[in-house]
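See the structures that follow.
In what comes next, subunit A is part of two complexes: it sits with subunit B in the first one and with subunit C in the second one.
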Partner chain A sequence: MIEDDFYRTSSQFRLWSFTEESLRTVRQKTNSLASDRVRIALRRAREARQSANSSAAGTPNPNGSDADSKAGEEKDIECLTSEEEQDLVRYYCEQIIQLGESYKPPMPSIVRATAIQYLRRFYLTNSPMTYHPKTIMPCALFIATKTDNYYMSLRQFADGVPGDTTAEDIIAPEFLVMQSLRFTFDVRHPFRGLEGGIMELNAISQGLGEPAPHLPNQSAEDLRRAILSLPPPLNTPSPPSISDRLARAHHNTREILKSAAQMTDAYFLYTPSQIWLSALSLADAPLAQFYLDTKLPNPTESEHPLAQLRAKLLQTLSSCATLLQSYKPLGSDPEQKKAMRRIGKKLYHCQNPEKVNLAGQKRIPAAAAAAIASAAGNPSDTPTPDSEMERLAKKRKLEAEQQKAGNDIFGGDLVMERTRDRQA
Partner chain B sequence: MAVSPLAPQSFQSRASEEVADREITEQMNDEVRHKYIKAKKLGEGTYAVVYLGHIRTDPTSFVAIKKIKVNTEYRDGLSMDAIREVKYLQELSHPNVIALHDVFSSKDQNLNLVLEYLPRGDLEMLIKDSDIHYGAADVKAWMGMLTRGIWFCHENFVLHRDIKPNNLLIASDGEVKLADFGLARSFADPYSNMTHQVITRWYRPPELLYGARQYSGAVDIWSVGMVFAELLLRVPFVAGNSDLDQITKICEAFGTPTEENWPGVSKLPNFIPADNNHTVPTQGREFFLRQFPTAGSVGADLLMSMCSLDPRKRSTAYQALQHSWWTAEPRPTNKEYLPRKSGGTRKMGDDLTRRGGELDDQFKNAARQLDFGSMKG
Partner chain C sequence: MPPSREALVNRGDEDEVCPVCKSSRYLNPDMRFLINPECYHKMCESCVDRIFSGGPANCPVAGCHKTLRKNRFRKQTFEDIHVEREVDIRRRVMTVLNRREEEFDSKLDWDNFLEQREEIIFNLVNRIDVAKTEADLQSYASENMRSIRANQALEAKEVSSFQERQNHEQELARLRRQAAKEEYENERKELLAGRENYLNNLAQGRAGDAAAIAQKVMLKKSSARRSEEERIRQKQAALRGTDAQKPAYPGAVTAEEGGSGLIKGLKKIKTPEPEKPYDPFGGMVPNKRDYYTLRDHYPSSYLDPIRQDTRMLAGGYDLQEYYSRTMLEAFAGLGCFIDEEVPKRQASSFNVMKPVATQGAALAAGSGSGSI
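For the complex of A and B:
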C-alpha cells in the first residue's frame, strides 16, 4: 500500500473532496433550496400574522384577493447568493482564528484549522440563511477541541467566548453540526507533511539526505551541494545560511497554511501534500522545485510516463498556488469589510424565521423528552405551531428592536467587540 | 412546492409539510437510517445499547447497531468515547478492524453506529472456556490477525490504547476484528503530551505505569504481547490488583527496569527506583521458552520482542509481521477451522456496550475512567 491508497480511504477524500464544478453544484443546490425555504417560511409567517389580525378584526380574508400584494412582497425577499454565503462563511472562519487566539494559552493552530474546516463543510449543505454562522461558529470550535485532543470543559470554553453567549447556546447546535459533518471528524491537514518535508530538507543540507526510490543514484553529498547552490527565493535578500533559509521557508509556508489554505477551497480541491507543496512554492519557489526534483526525475522525452506525471503534478500545484494567492484577509481590505456589512444587512432580512430556534433546541434524550411531554399532558414532543409562531414573532420583534437600537449587523460581532475593547 | 395557507386548524397538513421540509443533511440522515431495521436488543450497558439489525432490503445481512446513550452526567455534548470511536472507525477500513458501515441519528438525537455483525464472541471467551481446546497453530492464526489489525492502525497514525482479549471480536468466518476505539487517538506531534491513563491495567506497558506522557505504538505492542502470552497460558500473564502491584508483577516477570536496560526510565514522572535487594535481571530467551513452551523457540522470540521493557527496543507492528514465526511450522490454522463457541451474539452485545478501559463485570473494582484533566498538554 502506498500513501495515496491510505489517503483514498480517508473520509476527507471519500466525502469532502470535489472538483471545482461539483463544488459549485453542491453550493448552488444548497443556496437555491434554502432560498425557496426562506421565501416560503417568510410568507407563512406573514400569513399567520395576517390571519391572526383578520380573525381578530372579524373580517374574512378571501383567498386570491391579496395575490398581487403577495407576489409583490415575495419579490422583496432578496436572498443571499451562493457567493455572498461563501463570503459570510469566510468571515466567520476568520473569527475562529481570532476566538482561538483569545484563549490563554491560545488554542493550537491545528484545533482552529479543524474548526474552520468543520464550518466550511457544514455550509456546503446548509445555508447561512437557515443557520446563522454566529451560532454555528463557536460550536464548531468546541467540537474541534474535543476531536483534536485539546480538551477543555464547555464552561471553560464558554467563558472565553465574548458577549452573552452561554454554554447552552454553544452546545445547542452540536448534533446538527455533527450530522452535517456526516459524523466524520478527522481532518487531514497539510501541517504534518510540511514538518516532514522541512526535516528532510534539513537532513539534506547537513549531508544526511537519502536517495528517493526513483533516483537511486543520488548521493547525500550531491544533494547537499545542490541545495547549497540553489538560487535565492524571488524578491527576497539572499539568506545568510541554508538553515536560515529553511527556517524562513518553514515559517512563511506555515503562515500560508494557517491562513490562505484555511480560508479558500484548498482542502476541498487538493490533497494535503499538494497544499503544502504549493504553499512552499509560494514561500520559496527554488526550494520547492528542488524538493520535487529530489523525488521525481525530469526525463527529457515528454512521452515518458514520469514526465507526464510531473507535468500533471506541476499544473496541479500551480493552480493550487494561484488559489492560495487569491486570499486577502478581511481586516486588510476596506472594500471587503464594506461588502460584509452589506451582506450582513441582507441576511437579516432573509434569515429563515422557522429555523431561528432550531439551533437553540436542546439535545434532549428521548426519555427526558417523553417525561416532559407527559408532564405537560401533551403526547407530542413538538411544540404546537401556535405557540411556536408566537415565540418566533416575539423573537423577531426583539431582534428588530435591537437592530433599531443600533446594534451592529451580526448581532454581537466578535471582531467589532474586540476592536472596541482595544480602543477603550 | 405547493404551500397551503396556514389556518390554525390545519395542524395535519403542516405536520406532513414538515416532513417534506427536511433539510439536506436531515434527508441524507433519513436515507441512511432507512437502510436498516433494528430487530432485537443484544445487550445494554451504561454507555450504549446494542441491537441486532439487518439491511432493510436483505433480512439475511446482519449488522449490529450500537446506540450511544446520552450521558446525563456529562454536560459537554457528545462524550469523548463516542467521538473517538466514530472518528477513528470512519477512517480505518481493514479486514482485522471492526467495520463501521454507517452512522445515523435517530429522531431523539441519539447516535447510532452501524457496525459489522460479529456473532462469534471474542478471544476472552475462548481463552476462558476450558471445554475449548486449541493449539499453537490456532494461536498463530489469531495473533496474525491481531497484529495485522494493529499494524494498520499504526500505519494510519492511530493508537488503539485498549487492546485486550475481550476487545478482539470474532466474525462468523473466524476473522479476528479489533473493536472498541473509545480510547483511541492519533499519534501526538513530537513534544506534545498525551494521557498515561489508558489501556486496561493487565495489558498496560511499564512506560504508562511510570506516567510517560510521550509514547508511541509501542504501548499497543506491549498489549499485543500480553494477549499473546494469555492465549498461550489461558490466564492473564501479569494481573496486578493495583497499578503499583502491576509494576511489581511486571518487574518480577520481565526484570527490573534500570538506566542500563532502559536509558531514561528513571526520569519518568512516576518511576519507582528498585529496591537494590530485589532487582530481577532482564529475562532472556530461556525464560520465555520455559514460560511459554507451546510457542516454540521462534514464537518465544517474537513474544520477547513484544515485551521489551524499553519501548524503544520493543518491536513495531511492522517488525513483528516480518518475524520468522509466521512462516515457521506449524502453519496458522485457516480461519474457517479455528475453534469456535456458541453464545457469541450475546457476548458481542456485552462487548460493545462497555466503555473504553473497563474490565468485565467480575473486575468492576478495577474499572477506571479517563482522567480528562491530565490530557491537556
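For the complex of A and C:
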C-alpha cells in the first residue's frame, strides 16, 4: 500500500519504532549503564569529600580501612530499576500536560503530545538518574513549542513554569535533548488521522462516500445504509442520530489519544493510524470495524495478500487497544501515587551528582558542539553528550602526551623506561 | 616509381617481343606493354588499341578465350606476372573483407578472420576451389554491402586524416626552421650593430672611458640575448601547444547487420532501447491511493465556513490540502507492522543505533573509572 510506504520514510518509523523486546533491552541497557556510572560518580564524590576532610585533619587514612568503608557504603547505593524509571518518566509526562494546561491560553494538545514524545524518546537512551526529568521536562516542552510552530518567547515560557526556574535553566539541556532525539523532531501523531477518518465517516453518513480503491463496486448509497444500520456500541444507550454518534466517538477517541496513547509505549510500538483506529475501536467498536471493512475487502481465500494483511492488522489493532486500555491515570490511583513518592525518594539518593547542575556547567563550546553535531548527524551514532565530552577531553589529553613523546625523535628517556619496567 | 628503376627495367627488356604482333622493342623503343587482370597476358599498346578499340573482344593469345575490355588494360607494376596477379587478388579480397579489429568480440576471432582471409586469397591465387570461394565472396559482398562501404569510408577518412596530420607536422617543422633561421639572422645583425656602436663609442669617447664603454656594451648584449632567448622559448612552446592538439582519431563505427556465415565472432550489434518518455514519478501514479479515494469536498460544520471565508482563502489557504493531508495521515502506516518489519530491518541493515549508543556510554563509563 502506497500510504504505508510514505510512512516508512518517516524518521519515526526509521529511528523510533521498536518491538516490545528491543524496547525492553534498550531500556535495560540504559539503566544498567546509568547505574554503573552513578555508583562510580558517587564514590568519586565521596572520595573527594574524604580527601578534603583528611587533608584538613592532616591524618592520612590507612589504606585498608578506606577500602572497607568504601565497600560498606557502596552497598547503600540503590539505583532505580528500569520499571521505576519508566514510572517516573510517565509521571513527568503527566506533568507536561499539567504544565501546558497552566498557560493562558492553554497549549494545544498536539504541542504537549510532541513534548511527551520527546521526553519519552529522550529517556530511552538516558536515565532519570543521570538527568533528572524535572529539568528535562520544561526543555522538552519548550522545544515542542518551537517544532510545532506554536511560538512562545522564552521569558513568557519560563514565567509559566512553577518554581524558581529561570530561562537559563530551561534551555540549559536543550542541546543535550536535541542530540538524544538524534535531531529528529518530526513526531507523527494520530490526531490528524483521526480528523480525516471522522471526516470521511461523516461524508459516508451523508451519502457522499467514495468507493475505496480496492473495492470499486461500493456505492455511496450502500455505504450510507450500512453505516446507519450499525449496531450501537456496547454499554452505551443508542444515540439519537448518526452525526451525534460520530461526534461522540470522535470526542472519546480524542480523549484516549490525548491520554492513554501518550502515556504508554504506543508510539514506539505502533503506527499512528493503527493507534487512532484502535482508539476508535475502544470508543465505538462497531464503527471502527465498519470503517475498516470499507477500506479492506474480506476475501474468502486466506492466501490472498489482502486477507493476510487484514488478519495481521486486526491482530495488531487488538493488541494496541489492549495496551491503550491498560493505562490508568496517575491521579486517580492512590497506589501509584504512593509508589511515585517512594521512587522520588529513592532517586534523591541515587542521583548522579555530576550532572545535577546543568545550567552551571560550562556550555559546550561552539567548535566542540559542531563536532558532536556532525558525529550525531550520522544516524548510527547517538553518544550521550556527557560521554562525548569526557571522551573529547581524554582524547585531547592523550594527544598532548603523544606530542610530548613525539618531540624527542628517539623516544622518551631510557632510564624512565627501565624503572617503569622494574616496577612492572 | 623512381625513374632509375624504370630505366633499368627497360634496359633489361631490349629484345622484348609483343606476343601478339611480334614487333620488338629494338625496333620500337617507345613500345609499352599492357596487361589485363582477366588473364594477365601481355601485349603492346598498339595491339590493345587495334584489337579492343571496337569494344570487347577475345584475348588474341592462343588458347585463351577470355573476353577483355580496353578500359581494364593497365601497366604492369611488378616484373613477375604472378606477383602482379596476387597483388590484384589481394586488393580485391581486401576491399570486400574489410572488417576491422574493433568489430570482433575477441582477439582470437580477429586472428581467425585474418587467417580466413589469407586462406581465401591463397585459394584464389593458386586456383583451388575458385568457383566456391568466389561465390562465397560474392554473396558476402552483396549481403554486407553497407558495412563494407562504411568500413571503406572509415579507411579513407583515416588515410586522409593521417595525411593531414603529416602535412600539419611538416608545416610545423617548416615554421620552426624558419623561426630558428630568423633568430640567427637577428642575432647576427645585432652583433654587427653592437660592434659598430662599440667602435663608434670608443672613437668618440675619451681614453679613460674605454673600460666603462666595454662594460656597458657587454651588459647590453647579454640582456638582449636573454630577452631574445625568452622570446624563442615562448615561440617554441606555442608551436608545441598547437602540436599537442592533434585532430581526433576518427571513432570506429560498428553498426553491422547480420552477415552470412562467412565471418565468425563478430560483435553483436546492440540496437539501443528506444528511450521511454520521461516519467517524473518513476512509475508511480500521482495521487494514487490504496486505502481511500479523495473527494473534492467533505461536509463538516467546522470546515465548511472556511470555504466562504475570504480572510482565510486570500492568503492562499487551500482546504483541499487539508483534506488530502488528513486522509493520508489517517492511513499512512496502517499496514506497517513494526513488530515484524523492525527486527527484519535491524537484521538486514547493520544494527542501527543501540550498539553504538551503548558503546559510547560504555566508553564514557570506562573513561570515568579510568580517571579515578
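The criterion applied here is as follows: the second predicted complex is superposed on the first by the 354 of 424 C-alpha atoms of A that agree within 3 Å, B and C clash if a C-alpha of one lies under 4 Å from a C-alpha of the other, contacts with A are read in each partner's own complex, and residues count from 1 in each chain.
Here, a residue touches a chain if its C-beta (ideal position, glycine included) is under 8 Å from a C-beta of that chain, and two chains touch if they have at least 3 such contacts.
Small disclaimer: the values here were computed from a predicted structure and weren't measured.
Asker: Touch test for A:Y103: subunit B only (first), subunit C only (second), both, or neither?
Answerer: So A:Y103 meets neither subunit B nor subunit C here.
Asker: In the superposed arrangement, does A:Y270 touch subunit B (first), subunit C (second), both or neither?
Answerer: In the superposition, A:Y270 touches subunit C alone.
Asker: Please work out whether A:T125 is in contact with subunit B alone, subunit C alone, both, or neither, and reply first, second, both or neither.
Answerer: both
Asker: Going by the contact rule set out at the top, does A:R37 touch subunit B (first), subunit C (second), both, or neither?
Answerer: both
Asker: Considering only the touch criterion stated at the top, classify A:Y150 as touching first (subunit B), second (subunit C), both, or neither.
Answerer: Touch status of A:Y150: first partner only.
Asker: Applying the touch criterion given at the start, work out whether A:F18 contacts subunit B, subunit C, both or neither, answering first, second, both or neither.
Answerer: second
Asker: After lining up the shared chain so the two structures overlap, which partner does A:F175 touch, if you call subunit B first and subunit C second: first, second, both or neither?
Answerer: Only subunit B is touched by A:F175; subunit C is not.
Asker: Which chain, subunit B or subunit C, ends up touching more residues of subunit A in the combined arrangement?
Answerer: Partner touching more subunit A residues in the overlay: C.
Asker: Touching A:T184, do we find subunit B (first), subunit C (second), both, or neither?
Answerer: first
Asker: Quick one: classify A:R192 as touching subunit B (first), subunit C (second), both or neither.
Answerer: Both partners, subunit B and subunit C.
Asker: In the superposed arrangement, what residues of subunit A touch both subunit B and subunit C?
Answerer: Touching subunit B in the first complex and subunit C in the second, residues 1, 6, 10, 29-30, 33, 36-37, 40, 43-44, 47, 125, 182, 192, 195, 384, 386 of subunit A appear in both lists.
Asker: Which residues of subunit A touch subunit C in their complex?
Answerer: 1-4, 6-8, 10, 13, 15, 17-20, 22, 25-26, 29-30, 33, 36-37, 40-41, 43-44, 47, 125, 182, 188, 192-197, 199-200, 202-203, 206, 208, 210-214, 269-274, 276-277, 295-296, 309, 312-313, 316, 379-384, 386-388, 390-391, 394
Asker: Provide the residue numbers of subunit C that touch subunit A in the complex, in ascending order.
Answerer: 284, 288-295, 297-300, 303, 323, 325-343, 346, 350, 352-354, 356-358, 360-365, 367-369, 371-372
Asker: In their shared complex, at which residues does subunit A touch subunit B?
Answerer: Where subunit A meets subunit B, its residues are 1, 6, 9-11, 29-30, 33, 36-37, 40, 43-44, 47-48, 51, 63, 125-126, 130, 142-143, 146-147, 149-154, 167, 171, 174-176, 178-180, 182-186, 192, 195, 363-366, 369, 384-386.
Asker: Please name which positions on subunit B make contact with subunit A in the complex.
Answerer: Residue list for subunit B touching subunit A: 1, 3, 5-8, 11, 14, 21, 23-26, 28-29, 69-70, 72, 75-78, 80, 83, 86-88, 90-93, 103, 105, 108-111, 155-156, 185-186, 188-189, 194, 372, 375-377.
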